[in-house]
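Take a look at the following structure, please.
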Amino acid sequence: MTLKIGVIGTGAIGQDHTRRINEVLAGARVTALNDVNRANAETCQRQYAPEARIFDDPHALIRDADVDAVLVCSWGQTHEEYVLAAVAAGKPCFCEKPLATTAEGARRIVEAEQAAGKRLVQVGFMRRYDPGYVALKKAVSEVTGAPLMVHAAHRNPRVGENYVTPMAIHDTLIHEIDVLRWLLDDDYTSARVFFPRKSPRAHEKLRDPQVVVLETAGGVVIDVEVFVNCHYGYDIQCEIVGEDGIARLPEPMGIQTRSGAVLGQPILMDWKDRFIDSYDYELADFLKAAAQGTAAGPTAWDGYVAAVTADACVAAQEAEGQAVSIDLPARPSLYA
Amino acid sequence: MTLKIGVIGTGAIGQDHTRRINEVLAGARVTALNDVNRANAETCQRQYAPEARIFDDPHALIRDADVDAVLVCSWGQTHEEYVLAAVAAGKPCFCEKPLATTAEGARRIVEAEQAAGKRLVQVGFMRRYDPGYVALKKAVSEVTGAPLMVHAAHRNPRVGENYVTPMAIHDTLIHEIDVLRWLLDDDYTSARVFFPRKSPRAHEKLRDPQVVVLETAGGVVIDVEVFVNCHYGYDIQCEIVGEDGIARLPEPMGIQTRSGAVLGQPILMDWKDRFIDSYDYELADFLKAAAQGTAAGPTAWDGYVAAVTADACVAAQEAEGQAVSIDLPARPSLYA
Amino acid sequence: MTLKIGVIGTGAIGQDHTRRINEVLAGARVTALNDVNRANAETCQRQYAPEARIFDDPHALIRDADVDAVLVCSWGQTHEEYVLAAVAAGKPCFCEKPLATTAEGARRIVEAEQAAGKRLVQVGFMRRYDPGYVALKKAVSEVTGAPLMVHAAHRNPRVGENYVTPMAIHDTLIHEIDVLRWLLDDDYTSARVFFPRKSPRAHEKLRDPQVVVLETAGGVVIDVEVFVNCHYGYDIQCEIVGEDGIARLPEPMGIQTRSGAVLGQPILMDWKDRFIDSYDYELADFLKAAAQGTAAGPTAWDGYVAAVTADACVAAQEAEGQAVSIDLPARPSLYA
Amino acid sequence: MTLKIGVIGTGAIGQDHTRRINEVLAGARVTALNDVNRANAETCQRQYAPEARIFDDPHALIRDADVDAVLVCSWGQTHEEYVLAAVAAGKPCFCEKPLATTAEGARRIVEAEQAAGKRLVQVGFMRRYDPGYVALKKAVSEVTGAPLMVHAAHRNPRVGENYVTPMAIHDTLIHEIDVLRWLLDDDYTSARVFFPRKSPRAHEKLRDPQVVVLETAGGVVIDVEVFVNCHYGYDIQCEIVGEDGIARLPEPMGIQTRSGAVLGQPILMDWKDRFIDSYDYELADFLKAAAQGTAAGPTAWDGYVAAVTADACVAAQEAEGQAVSIDLPARPSLYA
């Protein structure tokens, strides 16, 4: 039985997921497309999904009998509305990050899903599907002993003029916020931000780099370097220090060469290449769960916690060095 | 349009390809199964292909209108017969290695395919699809300059009692024989084999390790260590030395840990894990070409050249240190 | 001409320096020995310096005409007294760390040396002579661009019962305090300390691990993990993140092996092996300068700044997370 | 007691050893200098040994009462004569490679030393003192199990016009010939040479690269790539494959950097930097033994075996692929 998928939002990521479903992964077909700009949906239809119907109304798409599950890939401001509609329709829903643009919005989705009584939402935190992080989590349970510290870095070669200081949290650190919680199986209790001297490559409205220090309920101290004008490459580092030893995220596969007095291997420059396989794996996981009428992977609760933590980190940017506490309500049993 | 696939031989690899087509890859379904032992086919049907029909006669399967393309995963002795039948039926055919158990058999397939006037056969040399080898080939063209030497190693932790000296060529070196030709875009002209002192772990009928020296038409000298009782892991090494520099096949992804006075990363023990992604990629490539009525990837000619080279290497085992020449007919234009 | 050296304090390090001068390095001889316990001096004489005279009074040793330069290797509490005496005698003096047990004591030495009008004191911060740090400093000036952040770690497998929380600063972090200043050519302005959950291996009076965050006058943010019960090895890490790139302290030389499913190299367990060559290099540098009647390498001022910084870090341990500022007087011109 | 050293031959290496003895190492002084060109000896005296006397007759230098031990650093053709004279005078003698320019010449030294009844000669095979090779030898005894194969490479970025094909053996491979024997504690029984396509960078009278295959009495098969126009760096590789695992010579210490999309570390370009510490260690070992009236390290027998093996390898260059056998007389008991 082939699962029928409706895609809302056919920009870059929506098109890519459509291609993935129709040309790469087994078990599903895209049957419905919607975009705020109909021409986008038509382009996507032409390229990847000639059999799909185009809907002008995303709510009609969600309700349509020929749609078993929904992908929300539209503009962030609209995520909450469409996810809530999918939950209301009882249809599994994969939502690109952010789950909602506010913690309150994410909270409303959590409550709706609880009311539905079963998981229907997967959030697009793809790093949990990266084979490197998966192996790192395994090494934490098998080699390092209980974690005490994490040293991490998120580096981009450069960002555009429109990237301002809080985006270092909402668009960049957000990935570490989710994946480190998952690696540690723990929650954050406070955040601090330190600003080194600003890189001459950073734009006027951006303080870059930043060092974020997070503490967890379990007593782990985490430092994350966020440096989005590092120039040399797109580079994600993560090292877990445990009671018995250390484990480190592997470098992306690259050919080691000896040439011109250098023993080297390439560093990626484009973030899109870094977790490219993870998009396939997260979507395959979604399709598998959706075929059973439910959802797997990162939950609405994870999306909510990420939103609360990100808000605290932005407050910590303004408090410069002072701790901002992170308070979470009790975890609902649906997400135990 | 979904491609309909018939699978001949539902042992381990045949079952795995069936699972791959029905549960992992887009675009195809297994519609027909055959195995010399019908119970095997039923198990495969139950687990991975409940909609498939079981055929007692593999030739009936090949001819069936509900089969667009064929996978030959049966016992090596039968490959030639079924591949020739698929070619005769004008159907794309993926054949696990060996293409045939003799060079003459492989040659007959080459001739049949030439007579068919288009490519219909892909041989299961999956290493060409390994992201490491693909990146290595790119590095050869971009970094090393024209190759002069290759240093390679194929190591297994251990082999069973039934593994005798010539199998080090036919079952083990065969992968290097194919993938090095492809990396270098060159053909072999001679082979030599050197036998170091025998490992105490090698069984009575096996001389292990071996060092094979191959020379190519382009003047490249290749040394390949074949060591199938190396004890410590399954380990594939390949280093290309060119006029300007060197490129080396990457180690498989592994978490670097610091623990117990060792900075280490795991080495695989099981060959099945080493090129696990390549099986997906080779089959996806086959399905894509088969949907166009043709074949891609390693050709029947490649299968033939591998057979001729392997025969020379086995002769070189007996000649111990003396060169055995490798003579090939002109390459047919179909494979230019 | 052979330089005549008097050694005060012939415990482990004093004996080792005596051996170094008499058996390893060119240009000097130990002619005089003193120890609070005369038997120690006799042992040292017997093993490494049969021609040396034993002095019961360290001040007599310092004044003796047959002593051109002095090594102070006695108990820390006595360093200030003997270094001041050597400076008063106008003799070059190598002093093991700490230069003095208080910042005020170190300050008095700085003042005495200024009064002497030339450098006479070298402090035993041997890491500046480690070929790895030397190469790292070169890479900072040639590759990374101006530094913005430093990530460092100082890990010991274990410590004894007598090692209490402030010793993580005075005995352990003290090396990073000196070497990072030297690497960055910068001074500290504030310190913070964060305490993760305590390792179950840490003794009752020790909070371990710790994360120290230092900020510099030049705007560099430094995080240093101090973990003295890390169990797996003695491990020193240092990574400099600059405007253009990153440079990392190399791992100590070790043989890479493939064995038992692990690709590994050894991690040192004993701190004495980590910077073993640096002791030779620092002392050779001292002898060379002393032959000219002066001193080279880490200065009394460096010793003073290290003491001030260490005091601030200990205060920061008590302030847990709050910044403690580090204020230094103007750098005297002798140390410009 | 300071050992008095006479140096014959004050070219680059003779000057460097003079500096080493007078300015770096403990325990000895250069008291006598000789060079076929007296001006060279005067330059050396002025720079490194103002107290040394200059001799016009090297035999007078060897006999002089103020010379305890001799360094032979003159032109290779003269080595045999001066070493024999030192042995006749009963004085320890360090001889730069080659011990003699013919196997017969080396044999005469072996016989003279046997007649003297004790070791007096050390040959300048400095690689045995390299900390990397020393650690590799330790790993062979502790990790790999009994060796079965060796893969090695000796690469130079380029050579001058005067470097002709046999020099790849006598000047380059000679180091592997000695150090691999020492690593394996074994002797060679045959040699073969294979010539890949010639590098376009190789001069007219040089076939480059070459692959040398050596077999040992213990059944080890060794392949050594010799490539003296490899362009990218001076690079020495050595991997020992044993019954239980593998050990690999470490890369020279280098800072790992991330810069311009490359994760890299420098490769040396100049051979003089590669084993720079080993010259200190070999000479310190010589001085220590010479102070006892004898010699340590690589023996005259090692020099003789290297000469015999090198001759066989040059014959193997002409036999192209055919085995040339290596026959040695029984090892004299002095060298057991």
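Order of writing sets the labels: A, B, C and D. Residues in every chain begin at 1.
Rule of thumb we're sticking to: a residue touches a chain if its C-beta (ideal position, glycine included) is under 8 Å from a C-beta of that chain, and two chains touch if they have at least 3 such contacts.
These are the chains along with the protein names UniProt gives them: A, B, C, D = Inositol 2-dehydrogenase.
The shown structure was predicted, so the numbers you read here are calculated from the model rather than taken from an experiment.
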Fill in: Most distant chain from subunit D by Cα centroid
A
Worksheet, complete the sentence: By C-beta contact count, A-D versus A-C, the higher one is A-C
Worksheet item: On Cα atoms, by how many degrees is subunit A rotated relative to subunit B, nearest 5?
Response: 180
Worksheet item: Between subunit C and subunit D, what is the gap in Å from one C-alpha centre to the other?
Response: 38
Fill in: Averaged-CA centre spacing for the pair subunit C and subunit A, given as whole angstrom
45
Fill in: Averaged-CA centre spacing for the pair subunit D and subunit A, given as whole angstrom
58
Response to the item:
Multi-partner residues in subunit A (2 or more other chains touched) are 232, 244-246, 254, 258-260, 265
Worksheet, complete the sentence: Per the touch rule above, subunit A residues touching subunit C in the complex are 148-149, 151, 153, 192, 194-201, 209, 211, 213, 215, 218-221, 223, 225, 227, 230-232, 241, 243-246, 321, 323
Item to complete: Spell out the part of subunit A that touches subunit D in their complex, as residue ranges.
Response: 232-233, 235, 251, 254, 258-269
Worksheet item: Contact residues on subunit A for subunit B in the complex?
Response: 21-27, 131-132, 135-136, 138-139, 143-144, 244-250, 253-260, 265, 284
